[in-house]
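Same chain, two partners: chain A is paired with chain B first, then with chain C.
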Partner chain A sequence: MEDGVTATQVVFWILAVVMLISAIGVVTVGNIVYAALFFIASLAGVAGIYLILTVEFIALVQLLIYGSAVVILILFALMLTRARERPQALFGRSRPLGIAAALGLLAALIGGIVATTWTTPESSSAIQPVGLQAIGDAIFTIWIVPFIIVGVLLSIALDGAIMLASPDEDDN
Partner chain B sequence: MVLSEFAGVSMPDWIDALLRIMFIVALMTIMAFALIYLERKILARFQARVGPTRTGPIGTLQSIADALKLITKEDVRPITADRWAFELAPYMAFVPVFLVFVPMPFTETWFVRDLNLGLLFVFGVLGLNIVGVVMAAWGSDNKYALLGGVRAAAQAISYEIPMLLIVVALVMVAAGRLAVDGDASAAGSINAIVGDQTTTPYILLQPLGFFIFIVGMLAELHRPPFDMPIAESEVVGGYFVEYSGMRWGMFFLAEYTALFLLVVLASSLFLGGWNWPFGADVGLGLQIVLTFVKTSVLIVLVIGSRALFPRLRIDQLMAFSWKVLLPFSIVQVIANGIILAYGGADWVVGLVSFALLAALGGLVFYIMRRKQGEGTRTVQTTPATPRVITAPEVTPVEAGGD
Partner chain C sequence: MPPLEHILVVNAVLFAIGAMGVLTRRNAVLILLSVELMLNAVSLNMVAFAVYGHVDFGNITGIVFAFFIIVIAAAEVALALGIVVRTFRNRATANVDEVNLLKW
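Right, the complex of A and B next:
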């Protein structure tokens, strides 16, 4: 395992290439449904990376959440745009703004990666996989307040969506 | 575990994996053939017919003949269809279902892999199936396909939520019981859940869970009475209307495989899987037979519901999920949490769940009776349930006659 190319590395590079190609695809294809499909390929690649890191729980949650989310995204794309009739314009007036935001995010990420002191475990056996129970304990004890805040936030968004979508009572 | 035990030799990992995959594919195909034949026979009996009789003894080779026809049929792609989405959609619908085989326990030692998060794996992977459906619907460039696909997406997302919540409630009970032996964190593994049901099948502890699981299963599988996405009389087959030949066959195979797998899952979670009922182990070691007997009972139930119940309307379907099933499953999770936190006995859990199920049944009965007596609903398109048509239509006709 220690010398040469391990199977994990091969899988990692395959996943990395898939992720990168599909991530580039998301922002470069003109067809919005294709973009959504590339998006799920990219997210599936991320789930694969999580599997390599032996955090199966996060990998499965990634699939569970984003699988449905991308379907909803496609539905929005179908309902709100005319994706089939003409390709979407990739660049608009806000192009410089977008470039600035992307470069800023890139700089922040690179800065974060460089600033972190990475500890390398001596061997792969030193890495203990985090159990499901540990995650549950952490969410429901230490991080209970952020958890509740996120829950309230999501309920507010959901209520707002229902308010906007429901027809007025006196319309009919 | 399966193959190395059979062969009795150690083999490289990749050969082992390959053999497991081949085993899955073979089993899946045989099960789909058997299910299609069974469905045609059982439905025929319900409708006072005899079903397939000509091909092979009592028609048993009918599915093989159908498969041969599908393979040799021309694979047509509409000229306006989106090439990539159209051609890739069957695989996208098929592969997730295929993967769900991995954590399914057929006996105590026969499974592909015992995943510690098996339940989450099943739902996480099976949920991706709908991406293929939406791809097919959009890629076909057909109004009926798109309508069917949008219905399927709405339905899948709505019924996934009560189903997942009720599984959470079940895992809570399982974790409480497994914690007695010391390892509550194993409750995500389907094998551990089945292993805990030697004396008490979970249907006694979670009858409401069983009901919601079966209803959600029918909806996820687009089985009647929840078959609006593929309703022939409404959307002429739905998202696979433009498919022909083997690509259509792949959708069909995925559908029947998903039916088989979810039924196996239901029998593992609620009926005790490979266990003899109530711990009456007579020591015959017929675990595989027990699994298939329980599975078959559920399959007959599912197929029978196709003949027995009329199709719902799409709004009735959504309302039933969001207004009835979801609140009840949330109440079940909270109730289980309270009972288990205060160390309630098993019979308390079962009694509360049964009371909730009775309340749900009463509510549905009340709603149906009220709708029946109301008489204000106008019948717009397809008559959804017979009882809606009877009373209301009389009044306007009489008024017009005068």
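Right, the complex of A and C next:
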């Protein structure tokens, strides 16, 4: 499809390897704070891959929502729910079974990807970058109803989270 | 641009790593982190299909879907962490295998 390995591909593979190593760190490291930090690195890798795919809008959203808001929420929850008195096992009893199931899933997915013939554009120059304006047009015309529903859902969910996490008056 | 298959394989590996985390971790917040990894893999897949199908179909539905996935994931994280904090206050644990009131 292409003449050799381009610079974009090299950058893509560097980002992919960083992202996957960080993801493995998230699920295997023994310290929960390190796991959260690996998660940030993994998110940054995904944002970089969005940039390689020429979708700057999603990369920005990824960094703004995931990279800041979600990560801060998760760090707060980790700190608030840390059991202080005893060191805790971080893995359940069914760990070997879980690893085997994940490997089986991976084999099935990669088998499906390899077995399929994908119709891709002839050359990478045929792929046009998707501009911000096109995305905005689509969201605010075709997808306006889902967009409003998502907004309502988000505010309901955040209100519900505050309700759940706030202490009851009659509790104590 | 990397070929579509390479992106799909990377996303499959990321999805499987997230699944492994969901199946092996016992801390609820770490399980949530692994679910976020899986969601990331899926939305990256959608963007890849949208970008590579752009020439043929002329739409950007996949990109809009990735945007919606990220927003819904934010709502989900907020709610789930509220539940985890609540559980920790009531039962003094954030481990999913110790929250077994409904299990028999």
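Note that the second predicted complex is superposed on the first by the 118 of 172 C-alpha atoms of A that agree within 3 Å, B and C clash if a C-alpha of one lies under 4 Å from a C-alpha of the other, contacts with A are read in each partner's own complex, and residues count from 1 in each chain.
Please note the rule applied: a contact is a pair of C-beta atoms (placed from the backbone, for glycine too) under 8 Å apart; a residue touches a chain by one contact, two chains touch by 3 or more.
Keep in mind the model is a prediction, meaning the values are calculated, not measured.
A.B. asks: Once the shared chain is lined up, is A:V70 touching chain B (first), chain C (second), both, or neither of them?
C.D. replies: both
A.B. asks: So in the superposed three-chain picture, is A:L153 touching just chain B, just chain C, both, or none of them (first/second/both/neither)?
C.D. replies: After superposing on A, A:L153 lies in contact with chain C but is clear of chain B.
A.B. asks: Can A:E56 be said to touch chain B (first), chain C (second), both, or neither?
C.D. replies: first
A.B. asks: Please determine whether it is chain B or chain C that touches the greater number of chain A residues.
C.D. replies: After superposing on chain A, more of chain A is contacted by C.
A.B. asks: Please work out whether A:L78 is in contact with chain B alone, chain C alone, both, or neither, and reply first, second, both or neither.
C.D. replies: After superposing on A, A:L78 lies in contact with both chain B and chain C.
A.B. asks: Output check: A:V33 vs chain B and chain C. Expected answer is one of first, second, both, neither. What do you get?
C.D. replies: A:V33 contacts chain B only, not chain C.
A.B. asks: Please indicate which partner A:L132 is in contact with in the superposed arrangement: first for chain B, second for chain C, both, or neither.
C.D. replies: first
A.B. asks: Would you sort A:G98 into first (chain B), second (chain C), both or neither based on which partner it touches?
C.D. replies: Second partner only.
A.B. asks: Which parts of chain A are in contact with chain B and also with chain C?
C.D. replies: Touching chain B and chain C on chain A: residues 57, 61, 70, 74, 78.
A.B. asks: Can you list the residues on chain B that touch chain A in the complex?
C.D. replies: 82, 84-85, 115-117, 120-121, 123-125, 127-128, 130-131, 134-135, 138, 141, 146, 150, 153, 156-157, 160, 184-185, 188
A.B. asks: For chain A, which residues count as touching chain C in their complex?
C.D. replies: Contacts found on chain A: 1-2, 6, 8-9, 12-13, 16, 19-20, 23-24, 26-27, 32, 35-36, 39, 42-43, 46, 49-50, 52-55, 57-58, 61-62, 65-66, 69-70, 73-74, 76-78, 80-81, 83, 88-95, 97-99, 101-103, 105-106, 109-110, 113-114, 118-121, 124, 126-128, 130, 134-135, 138-139, 142-143, 146, 150, 153-154, 157-158, 160-165, 167.
A.B. asks: Name, in rising order, each residue of chain C that touches chain A in their complex.
C.D. replies: By the definition above, chain C touches chain A via 1-10, 12-30, 32-34, 36-37, 40, 43-44, 47-48, 50-52, 54-56, 59-61, 63-64, 66-68, 70-79, 81-86, 88-89, 92-97.
A.B. asks: Under the definition above, what is the set of chain A residues touching chain B in their complex?
C.D. replies: 33-34, 37, 40, 56-57, 60-61, 63-64, 67-68, 70-72, 74-75, 78, 84, 131-133
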